[in-house]
Structures are given as structure tokens and as C-alpha cells.
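Structure record follows, encoded as C-alpha cells.
Here the chain labels run A, B, C, D, E and F in written order, and each chain numbers its own residues starting at 1.
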Amino acid sequence: MKMVIAIIKPFKLDEVREALAEVGVTGMTVCEVKGFGRQKGHTELYRGAEYVVDFVPKVRLEVALQATQVDQAVEAISRAAGTGKIGDGKIFVMNLEHVVRIRTGETDRDAL
Amino acid sequence: MKMVIAIIKPFKLDEVREALAEVGVTGMTVCEVKGFGRQKGHTELYRGAEYVVDFVPKVRLEVALQATQVDQAVEAISRAAGTGKIGDGKIFVMNLEHVVRIRTGETDRDAL
Amino acid sequence: MKMVIAIIKPFKLDEVREALAEVGVTGMTVCEVKGFGRQKGHTELYRGAEYVVDFVPKVRLEVALQATQVDQAVEAISRAAGTGKIGDGKIFVMNLEHVVRIRTGETDRDAL
Amino acid sequence: MKRLSTLVLGCLVLAAGPVHAATAALDTGNTAWMLTSTALVLFMTLPGLALFYGGLVRTRNVLSILMQCFAITAVVSLMWLIGLYSLAFTSGGAWNALLGGGGRILFSGMGRATMGPNGVPEVLFAMYQMTFAIITPALIIGGYAERVRFSSMLVFSVLWTALVYTPVCHWVWGGGFLQQKGLLDYAGGTVVHITAGVASLVAALTLGARKGFPRQSMAPHNMTMTVTGAGMLWVGWFGFNAGSALAADGAASMALAVTHISAATGALTWMFLEWWRFGKPSVLGIVTGMVAGLGTITPAAGSVGPGGALLVGLSAGVVCFLMTQLIKRVWAIDDSLDVFPVHGVGGVLGTLMAGLLCSPSLGVFSGMGMASQNHSIVEQLSVQLQGVGVTLAYTAVITWVVIKATSWLTGPMRVQGDQETEGLDLVLHEERGYDL
Amino acid sequence: MKRLSTLVLGCLVLAAGPVHAATAALDTGNTAWMLTSTALVLFMTLPGLALFYGGLVRTRNVLSILMQCFAITAVVSLMWLIGLYSLAFTSGGAWNALLGGGGRILFSGMGRATMGPNGVPEVLFAMYQMTFAIITPALIIGGYAERVRFSSMLVFSVLWTALVYTPVCHWVWGGGFLQQKGLLDYAGGTVVHITAGVASLVAALTLGARKGFPRQSMAPHNMTMTVTGAGMLWVGWFGFNAGSALAADGAASMALAVTHISAATGALTWMFLEWWRFGKPSVLGIVTGMVAGLGTITPAAGSVGPGGALLVGLSAGVVCFLMTQLIKRVWAIDDSLDVFPVHGVGGVLGTLMAGLLCSPSLGVFSGMGMASQNHSIVEQLSVQLQGVGVTLAYTAVITWVVIKATSWLTGPMRVQGDQETEGLDLVLHEERGYDL
Amino acid sequence: MKRLSTLVLGCLVLAAGPVHAATAALDTGNTAWMLTSTALVLFMTLPGLALFYGGLVRTRNVLSILMQCFAITAVVSLMWLIGLYSLAFTSGGAWNALLGGGGRILFSGMGRATMGPNGVPEVLFAMYQMTFAIITPALIIGGYAERVRFSSMLVFSVLWTALVYTPVCHWVWGGGFLQQKGLLDYAGGTVVHITAGVASLVAALTLGARKGFPRQSMAPHNMTMTVTGAGMLWVGWFGFNAGSALAADGAASMALAVTHISAATGALTWMFLEWWRFGKPSVLGIVTGMVAGLGTITPAAGSVGPGGALLVGLSAGVVCFLMTQLIKRVWAIDDSLDVFPVHGVGGVLGTLMAGLLCSPSLGVFSGMGMASQNHSIVEQLSVQLQGVGVTLAYTAVITWVVIKATSWLTGPMRVQGDQETEGLDLVLHEERGYDL
């Protein structure tokens, strides 16, 4: 199994969720984060003074899935989250050794 | 070493913390997240209109521990976080290669 | 590639970011978390009653980088985040199998 | 019928009516209450309505609402000073049935000693009326919330206040034809609530629904803010309705009483309806019922008694509740913050009930009597119906024209799709509501 | 002693006292101030107290508090209209020492021209009193916060206002036996603060502590909200205490002055105590001291002078601070938002100090004089003691009975364990306070 | 020129002027308005200014701001009672040009029946003035926000109010030399805004900039809070300026009108400047312009007419906008919440414009006339210049002395570097603003 972590633009969340659902992934965990990267935040006005805000609000998705689903999922996220503009985000894939569904005690494949 | 990540119901946090303490794990990092899964959120009323909220507030625990502690920890979390109802959450186990305690510079086992 | 996760004191974020930039790491994702560990929170007053708050606000950094950068990065974080006092935080290193930059579709090394 | 005075070139002439005669001598008590009422009605808009509306939208648009309320307040104030007060409240000579004249342009001829009605300085009367002119376009915000361009909103509000609010205000309170007919509209059922409600509906229809409506939940981002604003509206409404007596007397006291009773009744009615219908009473429900009760009693606050106020509040709760569902769910119109079902419908309902419950022969539900020119309830009701009908029709047509004119002047009133998703706060104002 | 009037079937009869005579002629100045005061006291509850309390609970229960404040306001308003005003403020004939009569049911017989005390329309007097009847059950919320079922809360508030507030109000202000004895309670030390404080304590004891109390920290979820509410309470209290003069005169002005002084002194006292005792002064501490100062001066606001107000504020700060610790920490009673130690104890303290500091022979601490029937401070103090004792005992017993009756009518007043953990907002109202 | 009265040992003597004569008989209307105005000005500080400032700082310091506002309110209230009122508003005999006397220490000799100006009880006049003495040191908070130690802040405020505010107040309003010269300062351009603005600048310079300034963005943590406070300030300012008439009359009404017009004009001016200069209008901009408009009209509220108010608001918007940029960006002075560029500069501007626009011969921009002692605009302007100059110089010097004295008494006024980074809320008050 793999853990796919995606950092995306907040307003793309709904589209990404739907795209993932289409490739059969329905569970995920989402967290609001701040991103630092090439994309700089907006210029903030403060009573006539301007400041560059150096962080950008992003959303972090954590999706556990079977190894065989990874390519499709990465593809789906890429498609749905992409705007072609800087700051679209990144996808990270890590190895996932073990999964348990708390309610039933099912493990691994069955727990997803 | 392993990294155990658990997604649980928010109001179970205290019980899970105590259960983990009992099996010798005292450190952890906790984050508020939104969960998407089988469990649907509540029905929101808006001036007479109803909407299903499709995310559910969850808490994400991150616990670094020695490989030997994993089974006990997973067991403890499962027990404390379980209500038997849908949405109880999941436990993910990943491999952890290296740990440093910033204050002392201790590493790995000693750093936990 | 590796994923370095660091839990640090919130007001050290700026210094850590600068230290990482010096060793060539410019991208990262940051999340506000609550830490439980040896450090206890402050004592809260409530109309003359005192309570110990058992969580401490922390910041969680997630930095993807090449394996060769890890030592430098860990060193940089340790230096910048350390105060020598309890609660300085921890650094975790995990294996990262695959990275995609959504905007361009670049992968792995190029995506960082 | 409350404001009987048409001001002709600085000197006050009675258009009709027995209640308040213009007096030359200052009455410090009445003036004290009108100073306070002016503050209270401004308080309704800033921060009252701003918070009430601001809490209802999504986080990314909260500042756009607050900004709109502030900008409308500022711009309408200057317009009122420059000419609208004069057009609304002075005599228009031959055209007086339709519009006032230019005698008070830039408040000229009004000094500290110029008296208005009831021993209240005229400049204070003008300022008190200004606060009504402010809140009316501010109410409309609810119709196009979360998707309007700021510049268009500004142009729209300017045109609308000049072309809709001001004439209707003159017709009903400034000596125009509806006042001459004896329309009972104490504090603005037609002038404020029907005009705002209809304009909001027209705007919602013309601009179209928010992206994702009605499928996606667009829950209030901060109900505590909305409730705070609701509390301020309730309190401020005492200035709105009891202040409309233009005096600190028994009429003001009774207006305060019936206002409060209707608010309380509307709130409870909505709460119990929701409880019965959906199983749980919600905070949003109770405050919406309260606002419905307040809006509905507004035209009737000088006409009904405490018993009548119970009926007004009850009807407000039931009718506005049903209309909200009809418009949002059945017709799927995105009048985003429900301005039409609450204010528009409430205004119609209240104006009609004022014509009924003013009757002094309804036992415990008796009111304060018909406008003197009307002898029977049927006659009074027909006047009320005319007032409602004229206001509805005029507002609908002119609002539509104003929207077209605005789009022509400023480009599309609506932001682009991406901008809507990203949120007006960042896109239009480069600011975020919270950084907690 | 402030309100001397017992209203008999629409015509006003003086029960006792020299200060305010009922006059037939309208006084616009007094009426202006009473209109404003009514707005100010409503503002204390909505949004003042709602925010003050709302900020103190945990996020998941914030809306439940706001909802309770709104619902109590609405329901008590209707009850007051329907019958409670009449029972509190008209003459009960033979039973007048204990309860009023039915002459003002549904505000019957009160027109715009019906005068109350000091040239203020009676309907305004009735509305002003309504705001007191609203805030008293709203204060009790603090005792059972974060664990009460909404339906039970509603039934409890209805019964309690009818069976506790109304009679005590009649005894002290409506011509009842405590007023006849000459009890000095200017704006509600017994009627409002002791009754609310005791009821809260009884409710806290009967319902039991919140899950996790006292081990677990239940810190305020939004201190900025609490401070906002505190500021509104301070400002609104001018309507509460200075409004209780029922006139815009020297008595009102002095009441405003002593109210402010006591609030400031209470705030500083609590702040320095906390600083000295725990090393840091907290915002929660300073605002709690302020409320203690305000609650304690309430019964004395017509009796003490500026010097006396300093003493009242100082005692309020010290005594309420100690009592809070005693009850929460030593006795471990979960009167969740400290209604008893702040309001109950403050009410007792203030009522007794009113009896002492009213004395005109205390030099710089002199007050406004005893109630006319009492010739010595000892006599006055004994009357004050009786007032306190009777109110304490009656409230304790009847509140307990009301809680039992409520449980019998609605099922247990407390939500289930799970529901408490999940939070009242979602469980009872299907809403969340914030979605930022 | 508004407050003409010097109170000599309890009996009121006119120093000069025709507008308000002290009368023995109570005027309930004027008293009603002054009761309300006192509430409104307190409301400006609590919660108005507290929220306005609180929203502008970073999350970790929000409570420190609220705490400072509360503590200043409490401590200044007691000082005013104890001696400052007496020093400001009674006659100082031979020294009267510079300072008042001791006749009203502890409000002695003021009973319910002691009359002040215009049939308003003197104790109410004293309380009204107290609210001005409260808000002035509270305004200064903005200069040293986010880095001051609480104990030092307290000592500084005590000393500053005694040594700066009180004498200047006496000079201008209490019969001192500036009043004798005929300085026009209706509601506190010199007394409140210049003193606060200059003190803030001196404090900012002496304490040094916040860590990270000006490189790092220190964006407001909660703009909704700031906007809420801004709305309250606007409403409360009616009490500040229209209340300064000390009567409910035409002067009060006109003051309310010009205050509102200037606020609206200032808001729009700032908004359009920002829009033109930076491409987007911001909420922070519009509310800052509003405050600038309000601060600038303050000294002129009794002197200018509606046309003049337009000019005042316009100048306020332009000048304060430029000064904010000059000080923050060009000079890089961390007057953190821009007290000097907004209030200080606004105060200077308004005081000078009052001297110009009071002229009754400016056509549509005509005002209410010069102070009686001054016969020409040139004479009046020179008096205004003297008033401004003296206040600027005196405040700058004494504030510096007070800061040195405070540091000597309490240790450094500034917290340590770490503490600043961690935030004052936790470090000084052991509390957090939000736990959502």
C-alpha cells in the first residue's frame, strides 16, 4: 500500500475529491496548511504600505491506497488540481506498511 | 522505528492519549483535520433548507515509536478510539528511518 | 528522496525557514499542530483557579528533499530551532518514493 | 403618515394630520431622543447589519460584505447631503406628488436654529432620515452577496438610492401622492423593506446564482458574528421604529412596545416551526424570525396595539418561513441572504396588516385608528394595497433598469468564475478576514 | 424604593415615598431617557450577556448559549405582555403584599396617553421593566451552561420567571411587603442578582458538574468575545441603574456616577488580587471584577454617594474573588460561569451595604438617606437583612421545585454523556459556531 | 469654546461666552442626552476602541490590547474622581490660567441637585468629561502596541493623564489660558487627538520598533474585529461631538451632522486614494479614513457647517493618508497603529480648519462664527495656531519625561525579545485570545 500526500490549491479541493472518486478512491484526510515555495503570497496593503506575504494557503490531502491505484490517483490529482500556474502544488508518494480500520479491526487491503 | 498515524474522532483524543500513555508512549503530535470517507457529516439546516455536509471533523495523531511498540500502540488506539460506529477512523503505520531530538541532538531510540 | 518532518516551536519558524534556505531548501509545507510530550503547557488562570494545559502549540514542517541534502537540512533545523529548553521538538526522516510537480508534471528530482 | 411635514424652502408646512405639529420652540426631550435614534439607526447598519450579513457568508467573502456596508454608508451620506434629502423632503411644487424640490440642496438654509417637526432641529430630522437612506441599499447586499464586483456595487447603490429610494420616500413621507392618499407606513414597510426586498430579488435573478448553488452547502462561516449583529439590529430597531414618532412621547413608547413584541413573536414562531418541521431549532432560525418580526412590524408600528403586534409577529414568522423555503428550495433563486422572503414579504405583509389592525374596534387587537382621510377599514386597506402595488412595480422595473445601466457603465456586475472561487476579499480588497 | 408606583387598573396610585410622583403631563426628557434605557438594558442581554457568556464556554457550545439568550428574551417578553407585568406591577388588592392583580393582562387599558411615573408613558415603564425580567433568567444560564437540554431550559425559564422573578419583583418594586417595609433596592440587588445567583447555584447542584470538572481545564474559547460582551455590559448598565431613576435627573446622574465608580474599583481590585496571588493579571479577572462591581452597586445605586461607591466596588472585588475560589475550588461546585459568587454574593453584599452607606452622616462616604420609614441605620439594615433573607430562601426553595417540575415535564434537564462530549451546538441545534 | 464653565467650589461661574448659560433648573431633555452621550463615549473605548485596535495586532497580542483598554478605563476613572476632575474643571484661583483647584476632590460638594451647565447635573457633566479622560490615554496604546509591559503601561497612563491630559484639558475647556484666548476646540482636537497622537509618536520613538519592523508583514489578525470597532467608534462619536454641545439642541444636531459628513468624506477619500494608488480599495483603508475624518472634525464640530465638513473630511483623507505613508514607510517609525498620522495630524488639521471654516462669510462653506474674543479670521487662526503649538510642544516634552520616569519606576517599558516573539497574551496575562 502507498500513502499519497498532495499539496494543492484550496479551491481545487472539490474537483480533486471528485476526480479521486472517479478512480475509486473515496476516503481521504484533509488539512489546511501554509505553503512556502516559489509562489509568493499576495501583496498585502496596510494603510498604504505594501507587504509581500510569503506564505500561501494550501490544502494537504492524505490518501491511503493500494499500490496498484497509485498511478491512476496521481494522474487524477494532477489533472484536477492543475491550473498551469505557479503554486499548483506537489504530490508525494510514500510507502505504507500497515492499515487498520478502527471500527472493525480489519487490516490492510480490507481497511481501505 | 515506526511512525503511527491515526485518524480518530475528536472527542476520543483524551482517551487515546491515556491509552497510549499506559503502553509507554507519551509523546505525540496532534492536528485537526477534515475527514472524507463513508461517514457523511451532519445535515445542516439553513433557514429551512437542508444540506448534507460531506466532511467530518477528525483529529490526526502522529506518534513516533520503536518498532516493538507498534502492536501495542495500535491495539491501544483501536480500543480507546472505537465506538463501533461508522467513522471511527483508521490507523496507518509507516517506516521511520531517523529521529533527532532538537534540544539534545540525541538520535533515534534515545530521541523518542 | 527523503521526507523530513520537524516539530518545532512556533516562533522559530522564520529562523528555521531561513536556515533551510541557506542549505538550498526553499520549498516546504507548514501546519499548526498541538504537541504532547515532556513539556507541559502553561498554567491557565480561570478566575482564580489554575489549570495546567497539557498541550503546547507547535508547528509541523514537512520538507521533501534529496537524500543527499538530508544531513545538512537536519543540521540546519536543529541549529535554528534549538533553544536548549525542553520542548524544542523533534525531527523525523522518512523515505520518499516519488514526487510530482503538478504544474509541469515533472517528477522526482526535477519536481523538488 | 408619521412624517407629516413637507419642508418648503426652509419653512415647514403641514401636509396633513393631527399628531405632530411643527413647532418653533426647541423641545430638548424630543431632540434628545432623535439624537439617540439617529445613533441607533446608524448602529443598525454599522456594525449591526454588517455583522449580521458578514457572518452568513463564507470566510473568503466576509470582508467584502463589511466593505460594502461601509462604502454604502459613506457614499449615500454624501448624496443625501448634496441633493437627495431635498428631493425627498421638500416640496416639489407642481411635481410634488412625484418628487420634491431643490430647496435643501447641500442642506442650504438649515442652521442650528431651523426647526423641524416637534421642536426637533430640522438638520437632525435630515440626519435621522439619512440613516434610513443608508440602510436600505445596504439591505440589498444580501441579494448579490459573494459574487458582485465592488465598483459595480458602488455605482448600483448610487443610482438605486437616487432613482428608487428617494422618490418612494417622497411619495410616502415627503408629501407625495401616497402620503396624500393616507398610506399608513410608519417606519418604512414600503419605503425601506419592500424596495430593498424587491431590489434584492431582481439583482439575484439578473446576476444569477452563486457557483455551486443550490447543490453545495454555503453555511454561515461565523454564526456568532451573525447573532451579534442580530442583537444589535433588535436594539437599533427601537431607534428605527420608536424614533419614527419623531418625539419622545406615548407614540414612541407604544411603537417601541409593539416592535419588541413582534420581534419576540416572530422569533419564537420561526423557532417552533423549524423544530416541528426539521426536528431541531437553530440559532439562524430564531434570529431570522426575529428580523422577520421586526421588518413586518415596521410599517405598522404606529398603527397597531400590543395585541395586534402579536398577530403581526406570528404572521411574519409563518409567512416569511414559508417564503424562504419557496424561493430558495422550490424556485431555487439565490437571493443569497434571503432579503426578499424576509424583508420584501415582511414589508408587504406588514403594510397590509397595518391597514387592518389600525382599526380601533378589534377588541384586544385594536390599533391606533385609520389615517384621518380614510373612514373605513376597507378604504384604508385599499390605500395600503395601492401603496404596496405601486412600490413593488416601480422598484422592480427601475431596479432592473439600474442594473442594466450599471453593467453598461462598469462592465459585468459579477466577478469572474475563478475570482468567485478564490473569494472577493483577496481578489477585490487584497485582504483576509482572519489570520488567527 | 425606586419605583414607588402600584398601578391600579390603569390609574396610578402612589404606594409610598417622596422622590418620584406620578404626573399626568408627559415629560419628553424623562421619556427620552427611558426609551434609551430600555434599549440599553436589552442591549445588555442581546448581544452583551450572550457574548460575555458565549466566549467563556468551549467552542462546541457557543451557539447553545447564544440560542438560550435569544429564546429567553423572546419567551419572557411574551409572558410579560400576557400577564407577568400585571402580576408584578398592579395592585393585587387584598393580596397586594404578596402579588399584583390582573388589571394589565395583555397590557390592557394602556394606551399611548396612559401615563406612568414622572411623565413617562406607562407602556414604556412596562417595557423597561420587561428588560429586567429578560436578563434575570438569562443570567442563570451560567449555572447550567454546556450541559442543559434546550427544551428543558425553555420550560425552566418560563416557570422560574413566573414563580420566582415576578413575585419577588412585586414584593420589592410593585408595592409588595418588602417595599412597604422600606427595603432599599434601587435596580435589583434582590430582584435580579440574588434571585439569579441562587437559582444558578441550585441548578448547578441539581444538574451536577460538567464531565471532566474540575480536573480538566475548560478555558474560555474566545476571550475577545467575552471582553466585547463585558464592555457592552458596562455601557448597558448605565441604562440598568441610571434608568432606574425613571427620570433624567440628578438621581439618574448620580446613579450613573456611582455605578461607573464601583465597576472601575471592582475591576482594579480583582486585577490586583490576581496579580498578587497568581503573579499575573488576567483579562478574565479584570472583567469579572468589573461585573462584580456592577452587580454589587446595583441595589445601592440610588443610596450611596461617590465615596460609598468606592467602598462598594472594593468589597465586591475582594468578596466575590474569594467566593469564586471557595465555590469552584474548595467546594468544587460547577456553577459553570460563576453566577452565584459574582451575582448572588454581589447582590447580598450590595443590598446590605446600601443599608449602611445610605446614611447621610458618614462624611465622604455619605449616601442619600434611609427609606423614609426607617429612622436609624440599624433599622434600615435590619430591613435589608430581611429582604436578603427572604429572597434567598424563597428563591432556593422555589427554584428547586421548578427544576423538579421541569424534569417531570420534559425529562432530564441534562443531555446525555456523549452529547455533552460532542457539544450542544451540533447535538441540539445542528449548527457550528465557526467555519473559518 | 464649548464648555464655558469654570466651576468654583461647587457653584458655577461663567468664564465667557454666549452659547450655554448655566441654569439652576434641571432640563430633563438635556440631561437625557448627556446621560446617553456619556454611555456613547464610554462605548467608544469599551468595546469600540478595544476592538478596533485589538483586531489590528497579531493574534498573540490581542488580549494585551483589550486588557490595556480595560485597565486604563478603570484606573483613569478613579483618578478623575479622586482629583483630576477638580484640577481640570474648577477654578485654580491665581493659577487658573494653568490649572484648576481642589474644590471637587472626590466629587465633594456635588449632590444630586448640584447643577452644571444647561440644566444638566454637575455630576453628570463630570462623568461625561471622565469618558474623554479615559479614551485619550487609551488611544496612545496604538503607539507602543505589541511590545509594552503591562505594569509600565499602567504607570505611564496614570502619570500621563495627570501631567498631560489634565492641564491641557483645563487650558482649553476648564477656564485656562487657551480658553481665555478664545481657542475653538469643540470636542478635543487639541485636548484629545493632538495629545494622544504626539504621545504615541514619542512612545514609538522611545521604545523602538517592533521586532521585524518594517521588513516583516504585521497584518491585522482579525479585520472583522477592527471593522466592528470602527462601526462602534462612528456611532459613539455622536456622543463625543454632539454631546459636547452639553445640550440636546440645534448645536448638538449640527455637530452630529458635520461629524457624520466628515467621517463619510474621509472614508471615501482614503478609499479612492488607495484604489487609485494601489489598485484595490481595502477595508482597513476605508475605516482608517473614517477615523481620520472623525478625528479631524472633532475640534471643528461646533464651528463648521455641512459644506465645511465636506472640506474637513476631504483634507483629513488626503493629509492623513500621506502622513501614514511618510511616517511608516519613509521615516520607518513604528507608531504601530498609526495614532500620530491619524489622530495627531488630524487634530492639528482640524483645529486649524476650525479657525478658518468658522467664518460666516464663506458662502456654502460658512461656519458658526468666530469665538467672541476674536474678531477676524486672522486673529482666530492665530489663536488656533497657538493652541496647536502649545499643545504639541507641551505634550512632546512631558510625555518624554513621563516615559523616563516610568522606566525608572518600573524598569524598561518594553518586554524582552523572546517575550515579544511569544506574545504578550501568554507572557503577561497567561491567556490566549482564541481556542477555536
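Throughout what follows, a contact is a pair of C-beta atoms (placed from the backbone, for glycine too) under 8 Å apart; a residue touches a chain by one contact, two chains touch by 3 or more.
Note that the structure is a prediction, hence the values are computed from the model and not measured.
*Asks:* Taking a step as a move to a touching chain, how many steps at least join chain A to chain C?
*Replies:* 1
*Asks:* CA centre of chain B versus CA centre of chain F: separation in Å?
*Replies:* 53
*Asks:* So the centre of each chain is just the mean of its C-alpha atoms; given that, what is the distance between chain D and chain F in Å?
*Replies:* Chain centres of chain D and chain F, defined by C-alpha means, are spaced 34 Å apart.
*Asks:* Going through chain D residue by residue, note those that touch at least 2 other chains and give them in order.
*Replies:* 27-30, 32-33, 36, 216, 219-220, 222, 228, 248, 278, 280, 282, 284, 430-431, 434, 436
*Asks:* Hunt down the residues of chain C that sit against at least two other chains at once, touch-wise.
*Replies:* 31, 44-45, 94-95
*Asks:* Chain pairs in touch?
*Replies:* According to the stated criterion, the contacting chain pairs are A-B, A-C, A-D, A-F, B-C, B-D, B-E, C-E, C-F, D-E, D-F, E-F.
*Asks:* Going by the contact rule set out above, which residues of chain A touch chain D in the complex?
*Replies:* Interface residues on the chain A side: 11, 14, 42-45.
*Asks:* If we count contacts the way the header does, which residues on chain C are in touch with chain A in the complex?
*Replies:* Listed in rising order, the residues of chain C that touch chain A are 3, 17, 26-31, 62, 64, 94-103, 105, 111.
*Asks:* Within their complex, state which residues of chain E touch chain F.
*Replies:* These residues of chain E touch chain F: 27-30, 32-33, 36, 40, 58-59, 219-224, 227-228, 230-232, 234-235, 238-239, 242, 247-254, 256-257, 260-261, 263-265, 267-268, 271, 278, 280-284, 286-287, 290, 305-307, 310, 364, 368, 434, 436.
*Asks:* Touching residues of chain D toward chain B in the complex: what are they?
*Replies:* 214, 216-220, 274, 277-278, 280, 282, 284-285, 288, 321, 324-325, 328-329, 338
*Asks:* Under the stated contact criterion, what part of chain D meets chain A in this complex?
*Replies:* 216, 421-422, 426, 430-431
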